[in-house]
Structure formats: C-alpha cells, structure tokens
Amino acid sequence: MTKRLEITDLVAGHKTRRGVVQAVAGVNLEIAAGETLGLVGESGCGKSSLARAVIGLNTPTSGALSINGDPMDMRRRGNHARDIQMVFQDPYGSLNPRLTVQQLVEEPLTVHRTRSKAERKTFVKALLDRVGIPEAMHDRLPHQLSGGQRQRVGIARALSLEPKILICDEPVSALDVSVQAQVLNLLVELQREQNLSYLFISHDLEVVRYVSHWIAVMYLGRIVEIGPVEEIWSSPLHPYTRALMQTTGNDAMGEGPEVKLNSELPSPLSPPSGCRFRTRCPLAIEKCAQEVPDLQENGKGHQVACHRAKEWSATVSAAA
Amino acid sequence: MDRQFWTYLGWRVLQSLVIIAIVIVGSFLLLHLVPGDMVDVLGGQRGDMDAELMATLRERYGLDQPVLVQLLNYVGSVLQGDLGYSYRNATDVLSLVLQRLPATILLVVCSVITAVFFGTMAGVIAARHAHRPIDVIISMIVLVFYATPIFLTGLGLVIVFSVKLKLLPIGGLITPGVDFSFLELVGDVALHLILPVFSLSLFYIAIYARLARASMLQVLDQDYIRTAYAKGLSTYNVIIGHALRNALLPVVTMVGLQIAELFGGAVLTETIFSLPGVGRLAYDAVFERDYPLILGVLLVCAFIIIVVNLIIDIIYTLLDPRVEISR
Amino acid sequence: MMLRRVLLSPAGMIGLVTLLLIVGMAISAPYLFPKGPWALVARPYLWPGSRPGIPFGTDALGRDILAGVFYGSRVSLLVGIVATVCALVVGITVGAIAGYFGRVADAVLMRITDAFQTIPGFLFAVVLVSILSPSISTIIFAIATVSWPPVARLTRAEVLRVRESEYVQSCKIIGMSAPRIILTQVLPNSLSPVIVAAAVLVATAIITEAGLSFLGLGDPNVMSWGTLINIGRPSIRSTWFICIIPGLFVVLTVLALNLLGDAINDALNPHLRKR
Amino acid sequence: MQEQEQGAALLDVRKLSVLIKQSSRQKVRAVDAVSFSVGVGETLALVGESGAGKSLTAMAIMRLHKAQSMGVEADSIRLDGQELSTLSDREIRKIRGSTMAMIFQDPLSSLNPVLTVERQLVEAIRLHNDMSAAAARQRALELLDMVRIPAAKSRLGEYSHRLSGGMRQRVMIAMALAGNPKLILADEPTTALDVTISAQILDLLRELQTELGVGMLFITHDLHAVRSIAHRVAVMYSGRIVETGNVEDVFSRPHHPYTEGLLAARPHGSFSLDGHKLREIPGTVPSPADRPAGCAFGPRCNRSQPDCESQPPSLRNETGARTSFACYHPLKEVPA
C-alpha cells in the first residue's frame, strides 16, 4: 500500500557564518492517509528544517519525497501547492497584516485561479464558518483578532486549496492553554472530516500524543525512535525519549533506566561521532562513540536507534 | 581578537578593495563624460596650440588609444599614486591634494567630535526626560538645527560673531603675517576653527541628537535594563553603565555612513571661511574646469572615507561583541 | 485614516499648513509678480520695511527680494520633488532586488551603492553639475544621483525583514510567483519607512539645490533661494538681509517637511509610540 | 515537600492593584486587589494564562513597573517584616537585588549583550557587599559553581550570546543570588527553554531553595512546572486570584470552574485511541479594559448563574474545601 507522504533519506542543511549545519541528516518517514505523524524534539534538533524542506521553503541536499507514490519534483514545488500545505507556529507573523480575513483565505484560490469569483466567495465563507470564524469577522484585519482566531484563519488559508497533507509546525505552542484545546479539537475534527494527513511538529509531548497516530523523536538531525503512539508512550526505549517523557511526568512508561540529562545540545556544526546523543547520555558506552546506531525494529513498528536498547527492551515492554 | 575577528576583517578589507575599484572605474567614466578631452581644455585655455601639437600631446598621454586601454592605463597610474597633472596649477594632482588635505582633515575631525559629543549628550538627556519640558525644548532646538543648511549656519555665524560682535576671525586658518610660537599657533588655529566647525557640525549635532534619543529610548525599554534595575542600580548607573554603550551603537554606524557627507559639507564651509582645504581646492577647480584635479580630490576623499569606514567597523566590533554572528 | 492621524498631531498640522502656504506661494508667484523676479523695482540695497510694497527690500541690482522668494519657492519645490521621485524609483528598485533575491544581485548592487556612498555627496553633485553645465534638469539629475543610495539601503533592510516573515513564506507555499510576492506582499509592508524618508529626502534636495546655487552652480535662467543668497554674499557685512531672508525660507520649508515626516512616521507606527 | 515547615510569612501582600493608564483620564485595573503570602523556604506559584497579571504583580512588588504609564496601589506589601509600599524609590533600591531578587523569562534579552558575564556578576556582588574587586571575582566564581556551571572560570569572560540558553539562565540565577536574597521572584524562568533544559533549571532552583532557605514567588503558565517546584499555588484569571491552596489540593480537587477547565484543557490521552475531545473553555481571556462587572470568568463559565454578574466574588474558604476560591457556584468536593 502506498503511503500518502513518503520521505526517503532526506538530507537538508543551511549555511551559517561558522560553517554548514546539516540540520536533517538522513531521515525516512511515511504518513498514511488520514493519519498524523507527530514529530518531537527540542529546538535545534532539525524538526523545523525538515518541515521547510518538505514544504519546499528549502531545497534539500539530497533525498526524495513522494505523494501517493508519485515522486515530487524538487525544483518545481509550486506544482505541489495543492497537495501539501502548512500551518505556522506564529499566528501573528504568518498573516499579512494588510489583508482582511476574507482576502487571506481567498488569496491561494486567486493565485491558482480556481473557481469563479462568486464561487470563491461562497467557498471561503463556508470554510471560515467551518473553522469557527463568525461572518462578522470576515472583514477584519489580523491584528483585530485574538491569537486563537488568527490560528483558525491560518488553518483555513492552508485548507483553501483542499490539500491532502498538512504540515503543522508548532501550531499551538504560541497559544494559551484554554485556546490550545480549541485549536487541537478543530485539527482532529478536520482530519476526520477530510481524511487529512498531518505531519505534526511540536516540542510538547502531551500535545503530540493527543493528536498523533505515530510518534517520531528527533535529535540533532536524526530520528532516534519511532513507533505507534501507545508504544512510544508506554514503552519508550531510547534514553533521550525516556528523558523527554520524564519531564511530562509520564508514569505509564515501563520499567527501564532513569535518564536525567545534565548537559545541553552540542553544536550542530560538529555533531558527535557515532550516536549523536552519546555526549548527553548517562548510559553511553564505548561503542556509542564509534558506531552510528541504525533504527532497529522492536516489533509493532516500533523502531529505536540505540546500541543498548535491547538491554532494557524486555523489562520496559513487559511493564506496559 | 580571535580567528573570527580576522576572518571578518579580511572580508571587510576585500569589500573595501572592491569599492575602491568601482570608484576608480567610475571616476574614469566620469572623466569621459566631459565634452572634449584634456588637450581640448588645455588648447582652449592657451589658445595658441595648433593641431599638430595637440596630436602630439594626445599621443604622449595615450588619449589616442582605445577607451579600454585608456582605462587600464588610468587604473595603472592611479594604483601607482599618479592622479594626473593639473595644468592650471602646473603641479601633479596628488601633491596638490596632499598639501591641502591637513586643513580639511582638521576641520572634519573636529566637526565629527563636536557633533558626536554634543549630539549624543543632547539625545541622552532628552531620552532620560522623555516627553517632559527639557525633552521638548531640546527636540525643538534640534529640529531647527536639522533644518538649517550648512552655508546658512556659516553665514549667520559670520554675521553675528565676526561682523557684529567682532569676537572671532572672519576666515582663513591662521592670522597672516604674525610670527607665532607653537602654542600660540595652536590657539590661533583653534580660534579660526570655531566658526567653521560649528557651522559644519550643527546639522550633524541635530542628526546624532535625534538618533541618540531614539536609540536610548529603545534601549531603556530592553529587558537587560530591567535586570540592571532589579539588581538595585541607580538610574544614573543604569544609564551610564548599561544603556549608553548599547545606545551609542547606531550612532557609530551613522558616523561611518556620514563621513562622506561631512567631506561634501566641507566644500561649503571652506568656501565661506576661505580655509585652505581640499573642498576649496575642488571648488576652485570646478570653475577652472580642471577636471583631473576635481577627480583627484574625489578619489582621495573616497579613499580616506573607505579607510575611515573600515576603522569604524573595527571600533564597532569592539563595542558590540555580537557583530560576528549578526554580520 | 492616516491623514487624520497626521493632522491630529500638532507637529503634523503645523508642517502641513506651512507646506501648503509655500505651495501657495509657488502657484501665485506669476500672478502677484507679473514682471518676474529679475525686474528692477527700486534702488539697490533697499533695507526691508523701508518702502511699502517692497517689504523684504531689494538686492544688489535693485530687484524685489519678495518676488525672488516667491519665484524661488517654485524652483525649490520642483527640484525637491522631482529629484526625490527619481531617487525613490532608483533606490527602491535597487533595494528591492538586492534584498529579495540576495546572493550575487545583493553583493553587486550593494557594492555599487557603497561606492556611491563613499564619494562625498555634495562634492559629487558639484562635479556633476559643473561637467554637465548647470540647468534645472542637470541639477535634478545630480541630486537624484547622490540621494538614491540611502533609499536603496533602507528598502533593502526592510525587504530583508519582510522577506523572512512567515506570511511571505506562506505565500511561497501557496505557489505565488516571486514578482507577485514582491509587489503584493513585500513592498507594501516595507515601504512605510521609505515614505517617511521621502519627506526628509525632499528637504535634503532643497538644501542641496540651495547650496549649489549658493556656489554659483544654479541654473542661471531661474531665480532660486540659493541664487538670492549667492547674490547677497559679497555684501554680507552690511546688507546681510539679502542672504538671510531667502535662507529663512529654506529653513521654514525644510522644517515643515521634517515635521510632516515625523508625524507620518508616528501615524504609521501607532503601537510603537504607545509602548 | 508539602510537610516542609512554613515559618512566618516572608512576603505578605494585601490588596495589591496595578493600574495602567490608557489615556489621560482612563485607567484600567490590570491587577485587581490580589492578596497572598510566601513563607520562608516556601514556593508559591502564580499560575495563569497571558494577560492574567502575573508578571505585573511581581513587577509591582519589585517596583519595576513603568512608573510613567502604571500606578500601583496596595494596602500593604511586607517583606521580612518591612513595609515596602511606603518606602521611597531610593530605599527600595537598597532592597532590590539584596533582600529580594528577580529572574526573568528570556535570559538572552535579560543579559546585557555588550558586557561580559564577569562584569555583570561582579557589579551585582559589589553593589550589595563591601568587597574588593578580587574578592568579588572570587565570589562570582563561587556563584557560578553554585548554579552548576562547569568550567566556571572560563565562562567569566564570555558574552551572553556565546552561552547556551540554559547557561544564560544559570548566570541570571547566579546574579540574583549575588545579594544573598531572602525572596526570589522568578518570572517564567523556564518558558523560553527547551523541556530537558527547563527540567534542569527547575531542579537547580529546587535544590538552591533547600540549600539557602529562600522563599520563592514562581510565575508560570506551565502546570508541569508548578507541580514540580511549588508548595502552594494561586491561580490568576484576568487580574484576580480565583483559587489558591496547596498544589496537590488545587490540582486534584479544584473548586473554581476556571481551575478545573484549565486542568482539563491540557491533553491527557490520545485522540486516535480513545476519540475523546479536549475540554474547551469557549472564548478568550478578556482584556482588563472589558472585564465584565461581576465574576470575570462568568461569560466563559458553564456554571454561571445570573448572580455571577452582580459583583466579583471574593476569595473564601468553605468548610470541607481544602482550597480557597472566588466563586459563587464552586464545584463540590468529589469523593475520591
């Protein structure tokens, strides 16, 4: 069965004054129709670079993308605007301050010259109505809306071309808790209604757990662990995942090593040899510095990239 | 001074060289914009040159060569320090310019210092008392300075201080015909410079005052100022120890951008106060149609300005350790 | 709405009214002084206020200074506005291209801009006018040539800021073309500081024109404020009013333009002011 | 941690209000008569969403609010037995940085970019201690050690932009400790940090508090942080405290509908597995200018009755309830 979105061996980097940062160092991901892949990681782990490469804001160094099995032309990304769209983190910065709500949502349609003018108006009206923006607000400017309303407009804008894949880059982290819930509910409802696929990027594990079917954990440009949501939540195997889980007070995770991190992210300019996490890992052994751990299947689609994971996988999974 | 600093410096020097190259080529093109070449000008002035002599001269100065060859010759001679020959003054351009340069540099340096000192002081005081009477008064004075052309300031100062009050000399750099000791000479030059310096710097005092006020207000709104207050520092110490240096950064940038304009203003100031500087030299050259000399002045000024900008950039990196990353 | 905010501030109101008065002077000059600014009306060096009908006195040849000031406003405004428009067109184009496309375009255009900025502007204008021989159009050309670089710099900085904004990225994602993004997204959101700068640019152009005329490089066929000042200079010790009266009109115009510019700036950034 | 002994109140705030001048005539009560206290060695968390007035409350205690546009009213602000509200600006300056110190949200913008770590630390040390420059430098090293900065000596000459986010916040904490404070006001100190770093900073603050016995007012919107560091919590909504009590009690048996809604709005499970929608709180937090006359939460509350619109409920302690709350129709105790 072909997946809706397939990311194969994606490498992406950007230049800085001090050298080239390989922000995404060979990532493979796939998302099925109507499902959400949650991508978790801290700032600097490359999750935003991954999103930018997938959506076409950056050209990847190498790797391939395909939608429904059709490979994407990396140079003509405009052609894929109707397949894949993005919801931004900052509801203040992602809307042109000079356009009204109605214009903002209609803009993608005028660019692609879809529908007649009258049809566009009714379509936009219906769409805005669906995301919960009352008609009285359609002529307002972004600064006259609250943060939650702006994010609803951003979602409507992304959906106006009726894409099948939505990249959500930290869509709720700029919002207050009570508003977060509204936007998350909207996103999961829309997914069910339109059979959308989400690549949902966030640093907030609980939010990711709520919306996702699959979770991938990213560290310094690599996926260190990936699996179905309940697997990752109840039996995290990678020490980094376990450290992240501990910050959420997750008490469901199976018995395994307690990982407390003391240092900070090393410079992405010169990532550590072998396992990139080893400089912060209290469980690192000599092998970790020498060999890059590959993602290893651990049953039920649960994969982990850690040389030592086998030592505790039995106890962790048993408790779950 | 680590490696990053040197990379940055190397990069800036390279940039400066490119700019100098553009300026040299530009000035050559400008010279070609002049109707007729320099032999025509010379012939017109002397009036007694026959066609044969003109042809010989053209050959001698390579004026019969294709434009590209002329350009290469021009660039080559400029790089060797040969800026051409001023027939009017019967001297080579470079020595003429160098002879007049000290007066201009004195004027410009004094004006920059005056402008930065009074400008930032006024700006900081205004920001400290923002929206209160002192601020309003300073801002109004500054606005008037800002709107007054340099030559008008110069004339006004001459009328009031030289003609009416007879306090200061009306022009020149040194009182002629007097034998001064060194100290007396310094005093005499200083006295002669007061009016030119103020007429040139009043406008820039206004610019720096506005800039310093705006930048100070912005800095005072920063989080680290709040931190400084939270430590228990007094307002005075917060402003002097934490805000001033940050607020000065845009002023430093501005000085770099405006050095060129100051040299331009020197033309007017030197003309009004009959100072023996390069501005006055250029002014005279314009009316004598001495184009090699005019371009020589432009080139030398451009070169000085590029060097000054390089120095200012280095000062900036010393003032602001973040430069290396922001570039 | 913006005009209302400008008018609501006292500074903006004063600036606008003063400017309108000067525009009025420029329009009414031929009707009030049909004989033109060069006509001899009385004996030379007539002091202001000494004869009714010639309130500002006469110059070295007995020409009416008031008439000169009225006709001078036409030249000043014309040169100021046309030179500014030219500088804006060049500066915005260069800045927008350099800022939006970056890389090679940016490096080349910015080094050229640097080169222009390292040549003393006024001196450069003097040289250009003298080479091309003084006339209104060469003066405008020279002033525009020396005043576009700051516009280019400002536009580039703003374009860089807006280019990185998420709403521009979102337009790339919906498949909008680069020219359309520049015209509909980037420029509208980056030009407000340029508009403010334009007011100052007009003021600077007026000052530069006066400075050129003051040095004797004005258009010999038109009477400008600088021409009058130049006429009065040799007799500065005695009849200084010939220099000072037109000088004050320069100051007044420039002051009005700056007040207006500040008011527009405040009106464009209302939130900035509140904080 | 709950059993930790609570001494006499270190900080006692009575009816503190912060007024923001909207125009020459109009003032808005951004913080409306809040009262709370912090004991010696105790951490009180002020929790709420943006616009709740948490930061303003801390600023007002430190008297760091913008005096031009804001006014502070208080019946009393007592710190370590001393009344702060009547002190002159000069007197409060002596207390700032010594008896009470503050840590801010964004450590990058809160450190002066053009001064070294050493300059900023030594300045704080010498301001409140009579010390030679050499001794102050020594003390600066000690403080950096205390906040667990490795290779402290080499960090002294650094500028803030060269440090990582966590290091910067540690430097801020060291600076706050420079004057041996009795009370630390921490304004969202972990919000700008990554989760694993934020966990480290929380650990550090908790350890330092035990070591030094300081009291802490911890401001945050992060419920995890509250749970991990605070003894007691006060929930703020639109400038008022709506519920307060021990962390355990407030989190497990909230009585105010807002507290309960806030807790329920955080995701707890997985939608793809159980299909449970999150509990939404409709609408948004009102700005202080359009705060409704009665209970500020009334228009968003599913339990509101006509009497909620009359006047704002005050904090009260109902028998049988473990927390104090400001609500006319509180949630009843649910038998565990």
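Read from first to last, the chains carry the letters A, B, C and D; within each, the first residue is number 1.
Heads up, the rule we're going with is that a residue touches a chain if its C-beta (ideal position, glycine included) is under 8 Å from a C-beta of that chain, and two chains touch if they have at least 3 such contacts.
Computed from a predicted model, the values in this text were never measured in an experiment.
**Student:** Leaving subunit C out, what are the touching components among the remaining chains?
**Tutor:** No subunit C: one piece.
**Student:** Could you tell me which two chains share the largest number of C-beta contact pairs?
**Tutor:** B-C
**Student:** Between subunit B and subunit D, what is the separation of their C-alpha centroids in Å?
**Tutor:** Here subunit B and subunit D have centroids separated by 53 Å.
**Student:** Averaging only over C-alpha atoms, locate the centres of subunit A and subunit B and give their separation in whole Å.
**Tutor:** Averaging C-alpha atoms per chain gives centres 54 Å apart.
**Student:** State, to the nearest whole Å, the distance from the C-alpha centre of subunit B to the C-alpha centre of subunit C.
**Tutor:** From the centre of subunit B to the centre of subunit C is 21 Å.
**Student:** If you look at subunit D, which of its residues touch at least two other chains?
**Tutor:** Not one residue in subunit D touches at least two other chains.
**Student:** Would you pick out the residues of subunit B that each touch at least 2 other chains?
**Tutor:** 325 - these are the residues of subunit B that touch more than one other chain.
**Student:** Going by the contact rule set out above, which residues of subunit D touch subunit B in the complex?
**Tutor:** Touching subunit B from subunit D are residues 62, 64, 68, 93-98, 101-102, 104, 106, 109-115, 123-124, 127-128, 159, 161, 172, 175, 178-179.
**Student:** Using the touch definition from the top, list the residues of subunit D that touch subunit A in their complex.
**Tutor:** 49-50, 164-167, 194-200, 221, 223-224, 227-228, 261-262, 265-273, 277-282, 284-285
**Student:** Okay, in this complex, where on subunit C does subunit B touch?
**Tutor:** Contact set of subunit C toward subunit B: 111-112, 114-115, 117-127, 130-132, 150, 203, 207, 210-211, 214-217, 229, 233, 236-237, 240, 243-244, 247, 250-252, 254-255, 258-259, 275.
**Student:** Show which residues of subunit A lie in contact with subunit C when the two form their complex.
**Tutor:** Residue positions touching the partner: 55-57, 77-79, 81-82, 85-86, 88-90, 93-98, 107-108, 111-112, 154, 157, 161.
**Student:** Quick one: in the complex, what on subunit A touches subunit D?
**Tutor:** Those in contact with subunit D are residues 35-36, 42-43, 146-148, 176-182, 184-185, 188, 203, 205-207, 209-213, 229-230, 233, 243-244, 246-249, 261-262, 264-265.
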